[in-house]
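Next come two complexes, and both contain subunit A; in the first it sits with subunit B, in the second with subunit C.
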Partner chain A sequence: MADKNGFFDLSKTTLSRRTALKGIAAGAGLALAPGFVRYSQAQSSAPIKIGFQSHRTGIGAAYGRWYEKTSTAAVKAINDAGGISGRKVELVIEDDGTDPARGAEVVAKFAKQHKTDIVFGTLFSHVVIGSAPAAGENKIPYFVVSEGHHVASTKLNRYVFQPGITDVKSQIQSMAPWIAANAGKKVTQIFPDFAFGYDHRDYLPPALKAQGADVIAQIAIPPTESSFTKYFPQIPAETEVIYHVMVGPAVLTFVKELGEFYGSNRPQLFGFIDSLEAVDINSPGLEFLDGSHFWEGSPRYAQPDDSAAQKAYRAAVGIDDNGAAVGDPKDVSTAAHMFGCWETLYVVKKAMEDAGYKGPEDRAKLVEATEALKEFAEGTEHPQGPKTFNGKIHQCFGIQNISKVEGGKLKVVHKTKIEDGLYEPEGDYTTQAL
Partner chain B sequence: MRDASPAKAYALHVGVIALLFALNFVLPDYHQGLFARIMALAVFAMGYNLLFGYVGLLSLGHAMFFSAGLYGAGLTVHHLGWGVPEAFIAGVTCGALLALVIGLLALRTSGVAFMIVTMMFAQVFYLLILYFAAWTGGDQGLVVQQASRTLNLGGASLDLTDPTVRYMSALALFAVVLLITLTVVRSRFGRVLVAIRENEERTKMLGYDTVANKLAAVVASGAICAASGAAYALLFGYVGSSFAGVQYSILPLLWVLLGGAATTLGPLVGTLFMYYVTDITSGFTSAYLLIVGVALILLVLFFPKGILGSIRERWLGWLP
Partner chain C sequence: MSGRTEGGAKDLDAGGNPLGPHIIAAALALTPLLPTPALAHASDRGHVLLLPTGYYIAGGAFAVAISFLVLALLPPAALDNFLRRRVSLFTLGDSPRAVVSLISFAGFALLIAAGLFGSRDPLSNPLPLVIWTLLWAGFTLLQGVFGDLWSWVNPWYGPWRVISRLVGGRRSGNERSRLPEWLGFWPAFVLFFAFAWFELIDPAPDDPARLAYAAGIYWLVSFIAMLLFGYDDWSRRGEFLTVFFSMVARFAPFERRDGRLSFCWPGARLLAAEPLPVSSTAFLLLALSSVSFDGLSKTFFWLGLSGVNPLEYPGRTALIGIGSIGLVLTFFLLAAVFALAVFLGQRLAGDRHSFGEAAGLLVWSIVPIALAYHIAHYLTVLLVDGQYALVAFSDPFARGWNLFGTANMMVEAGVVAGAESAWWLWNIQAGVIISGHLLAVLVAHGLAWRLHKQASRAALSQLPLTLLMIAYTIFGLWLLATPTAG
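Now for the complex of A and B:
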């Protein structure tokens, strides 16, 4: 018995497009949330809108907060100096929840609802990889500050770029000469048993081999582990260097237990600061790290030989000499990575100006202009140091810092050369259609 | 019987499908994309609902069936270069087979034990994905390249990354599963499932093989969830371990509870509601999960049987 009135009549009538539209218009009209308003095309004098995909919540929240601070500071600096091609820049921020599915939705939201010119931001590899298809499908350039090797692997697509931070494969490779020459020739690696750890597992041994050193043991620690003592007997006695890249809250326990295991007679320690980004190096339990070495993309602590550009960058972002927020010494920054946001935004500015970018219709031109970039000189726009850019793999290569923990601070003891981190390209994005 | 009017029920469902079809032409671009995603995930919720709503088995491990479909389809395209239809079938088959095995083991338990066992199996599945990172991409996942997401039908080739094709593909899957679910729950089999939910002992005494019926429901539920996962991989191009995590076992439960357990359209309503609450509130505050939580509590307080469940109870008794 079909109801004669109301809704069910809809299925009984012949549903022409016009009737359907009439019926639906009422429903659509209800949805008068701001999100439903169709946006008009940006005028040439309108601000350039940059969609910032931020880890505001989820596991990446500490990074997200500092990425936002850095990006906001960079946008202010760019706007104060006249913007991009004379147009102001506006950041539109959406939270990706550090989740790949939401990340993809956010990219689509930027492209279709906010109508931003590009999408920018985000660190965690799985979010970048999850979001990349949405960027490619919407043909919207997606500039990431992720440091993962996924962009340079050419497994993503032509719209994804990483021009502001060196990828992890290059970072690891450029550490090898220093480790072999200064720390020791017999290296044991301890890493988390997931992708971040695998980069180190796979790229370090060949790089060390080329320097006449060897990885003599690789100890993968399951991500669910919260105590590590049982793994330490696996470290061979002849180990000269322990190379550790543990991440997450467990890192404090890891260091503490390693200290208890070795006491004062320990091998050299070398780590990636990723383990301790946004964590005070003077936290209780980390005393054992004194005298050990870390990779840093950009130094957390102000260095005596900091360039004027580095000083200006630190002041603009609002970090003090210890790498913490000005006025809040407990709020430690993610200094080793977040400079990438600053530099990426300046790369976007350069590429947009090179392309004569006017609006979304010029996105393909923007991609090509970015691919045409070759190098970035050290200076206000690139305070971390000079970089080269490979347009075929959409990846930049810069210098890296090796810092020693001394008196509760990180002191840069070595800067690598760009050439130390170069490798054979694994593909070529420019062969893909736009 | 209160559902003596099949015409009314079928008319409603066909009407909903027609409405969704029409929405493709009027929705703004972003919402068209979001609806495609919601329809694909509503299928996941429908699969979950079949087991939870109609059989009364609360699983906390359905992410494994969704991701069996996701990986079954995604990996065959990525590593073996399979076409879209074969990959989709591979995904659904993986889900159904996994459900058969899990069903045989987990159905030896019930109640809280069933929840724990399914959750543990899902965790095993999740860790296996990480363990075989060389093939699965581990926690980073894999991209299913745009070029391989084309459906060749006879002479025509459909690009699944085109917004309209994607919307229509998601709608097609949604419509088929919705009508199958409706038919199943109105069938003799569906009534046996409800009887098991209400009183398993009595059903057994009446001569029904409850274990076989429950196993069939687990397999059907797993296959439907896997279809959703396979469609997700092929339509949205990303295969990742986060879809196998605990969160994706809880989400379909929430969607179903919200929309109304044991209602055929509840899963769609719940998924739609959750998605939009999240999407709209996240534009205003980073504490949007708090708002989602408050919304859920209010719904539980005022609509304890979910949106459609409460509507059925109060006004539309014939709602399937």
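Now for the complex of A and C:
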């Protein structure tokens, strides 16, 4: 079907970020826009407008740029295959500045000014948490690609969904079986001393315990630290695995100093690629990572057993075999996360079509139709892999990749099962009024 | 963040309807309690942290110190003669000036329309890209290299000429000034501060519509002021861009005198400058301090002082108060240190000139530093967002046009990414910062000779200012080498 619709031809076309964005004039500009008659397949119906809350500026801009590329590619693919219910899809970008207060303003703007059908996109947890109430108040579905546990915690509201990327609690939990079986039973955690690190501090020990392994030390590093040597003596000598999730500009220094501390005789290293997302794994200072393992949501490097859907996805987004921009090899993508944008947009398509969505008056129906989704099969729409969806907590659960740094590349050595990451739901959004 | 921890999760769990307005506060209160994958990007500053930046900083400081000693030993008159050399190039009239300005005004009007009606994406809309990247980051560079192009391309001169003609032929700015003398350059100072605040502190200066209103209203208010007070007077003392750009242009190695263009040494024209009044001395110091603060405000050091976790950067809105204080504080700190350096220098040399005159003259030596900071600070923005601007020009209203064939051009963000780029960028930035300070020492030396015709006293008077410049070299390089958020 995909071939017939020319989906795989995407790789042969010059993908322009503007292709899916043209005509997104907003505000008064919309009144001036002469409709979208260029769309031959859906001349009778207006496009479905998706408000894309994007980290265009601010601390999240590196992620925002790749989220934009991926989303634009997904919209082009959806449109090339006939759109949603025969209607074309149009992204309206607003910059949230990676700022929670601005994020909330942007969501309200989408609902009231741009009158988009839904809001989609953002990554940083504090922006999602700051924006979620605005989505609830305006009763506009808000599909995020944040990987935070905040959606699944059911502490946001019924209009917020995360159907395209597994949450961090599930990710961490699903690492435990492999670590315990392959890396070692005695684990020392090194993490930054704030909320991001606390996820790993809190979720890993019970998951490892269940696998017969133990966290024997937890070393919290102050966020403003830029030299780490003085913390390494705290690592117990019997440590078999160092589980590290440092983030920020000092990550390279951290790895370099860890290498200097241990030399060639080191414990196993396990990390989350969040530390080095959008950073070349072959950068000076990172040599010590050779042979170590990382969590990856979706693999950065092309793998020998990549599915046709994965290959098509990579070609459509425009990343080469090393996970960098085609034509700009130094521009390393945020591959481990950005696939969530692609998959979320396909979930939106499915839910809208299931709901018979016509316009903003059907938003409640869209919420219910999304909640009714159960699973997503691996394929064109879900190139990262199969997923299940829990409509009560608005969260999807997928497979995770464990990759080994080998020959300057990340090679997937293990794929977790969906069941590895399942946990007891903490609440039920469907009991909330719409 | 800690101020938002009151309340807590219970508010959300209670009751079946979570959609009340109180939820915003409650949800924000939850922020620190919920798991937070703050995916702080390792960023290219990470590569710089691995470079031997300490040697560069020490070397830079040493170079500035040595330059002072070398200059102290050189005969000032010979140096002065050397710097006064000019190579005459060609005659350059300014008759097309009004036409160029009118074209520029038309472009500006189109940009405002694009800001209002084009894409909402600040990286697709040409207005923020032109204002922040091409004009503020880029054009400043052109002024520093080619001289006062702004007097040609500013969007006020042409329209002012047209209106003046229509309403009665006031052709030049020679009419009697109606802007009170006591106001000095303070209107420009206040407006520059507002501009810096908007750029550095406002939550969304890149928002196309917000910027369109800000820029459009500023144009209109300035235009009215030019009609009221005369073009020349308001341009010289009120319109902050003209004031800033003309100060920067004095650094350029081109001089136009009596319609003839000459080539001179970079910075040489600063030596002939008149002493500035206190208001424009303050303006020049504000220009430097605001760019310095932009760099400082993102450092782990500053964020740590402000109690902000740099890895969980809370966004601009949360930092408005701290940022505003920092912007003001940086200015006062720089102004105080500069004043102290001038004052001590006068005492050392037994200077009989007034403090105001000495400070007003020596402040010209800040221009090369301000320019160097500007280049170093905005270099990466210019390299990446400059590409976005080229793309946006082809389709300013997001209508699918391709006016200049650049609409589908690929933006290569990789140009500033990775260890190799970081090395190149750091070396360029460090080179620019150190060169700027070396030139500043040179210019200050030449200016001091104007105040003290005795070489030894001139050198002695420069000792405190040189120490300031050494300190600022260290500060400038440290800003580019230290960990930053984002």
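One rule holds in what follows: the second predicted complex is superposed on the first by the 390 of 434 C-alpha atoms of A that agree within 3 Å, B and C clash if a C-alpha of one lies under 4 Å from a C-alpha of the other, contacts with A are read in each partner's own complex, and residues count from 1 in each chain.
Rule of thumb we're sticking to: contacts are C-beta pairs under 8 Å (C-beta built on N, C-alpha and C of every residue); 3 or more make two chains touch, one makes a residue touch a chain.
Computed from a predicted model, the values in this text were never measured in an experiment.
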| item | value |
| --- | --- |
| First (subunit B), second (subunit C), both or neither touched by A:129 | both |
| Touching partner for A:112 - first (subunit B), second (subunit C), both, neither | first |
| Touched partner set for A:101, first subunit B, second subunit C, both or neither | both |
| Partner chain(s) touched by A:157 [first = subunit B, second = subunit C, both, neither] | both |
| Which superposed partner A:377 touches (first subunit B, second subunit C, both, neither) | neither |
| Per-residue touch tally on subunit A - higher for subunit B or for subunit C | C |
| Which superposed partner A:237 touches (first subunit B, second subunit C, both, neither) | neither |
| Interface residues of subunit A shared between complexes with subunit B and subunit C | 21, 23-25, 27-28, 33, 38, 56-57, 94-95, 97, 99-101, 104, 125-126, 129-130, 132-134, 136-137, 148, 150, 155-157, 194-195, 198, 223 |
| Contacting residues of subunit C [partner subunit A, same complex] | 9, 12-13, 16-19, 21, 23-24, 26-28, 30-32, 34-43, 45-47, 49-50, 116-124, 203-204, 206-207, 209, 300, 303-304, 309-318, 391, 395, 397-400, 407-408, 410, 412-415, 417-421, 482-486 |
| For the subunit B and subunit A complex, residues of the former touching the latter | 5, 7-8, 11-12, 14-15, 18-19, 21-23, 25-31, 33-34, 37, 130, 133, 137-146, 161, 236-238, 240-243, 279-280, 282-283, 286, 288-289 |
| Parts of subunit A lying in touch with subunit B, wherever the complex brings them together | 1-3, 7-8, 10-12, 15, 17, 20-21, 23-25, 27-28, 33-36, 38, 56-57, 94-95, 97, 99-101, 104-105, 108-109, 111-113, 125-126, 129-130, 132-134, 136-137, 148, 150, 155-157, 193-195, 198, 223 |
| Contact set on subunit A toward subunit C in their complex | 14, 16, 18, 21-29, 32-33, 38, 54, 56-63, 65, 92-95, 97-104, 114, 123-127, 129-130, 132-134, 136-137, 139, 146-150, 153, 155-158, 168-169, 192, 194-196, 198-199, 202, 223-224, 226, 247-253, 256, 274-280, 283-285, 324-325, 327-332, 337, 427, 431-433 |
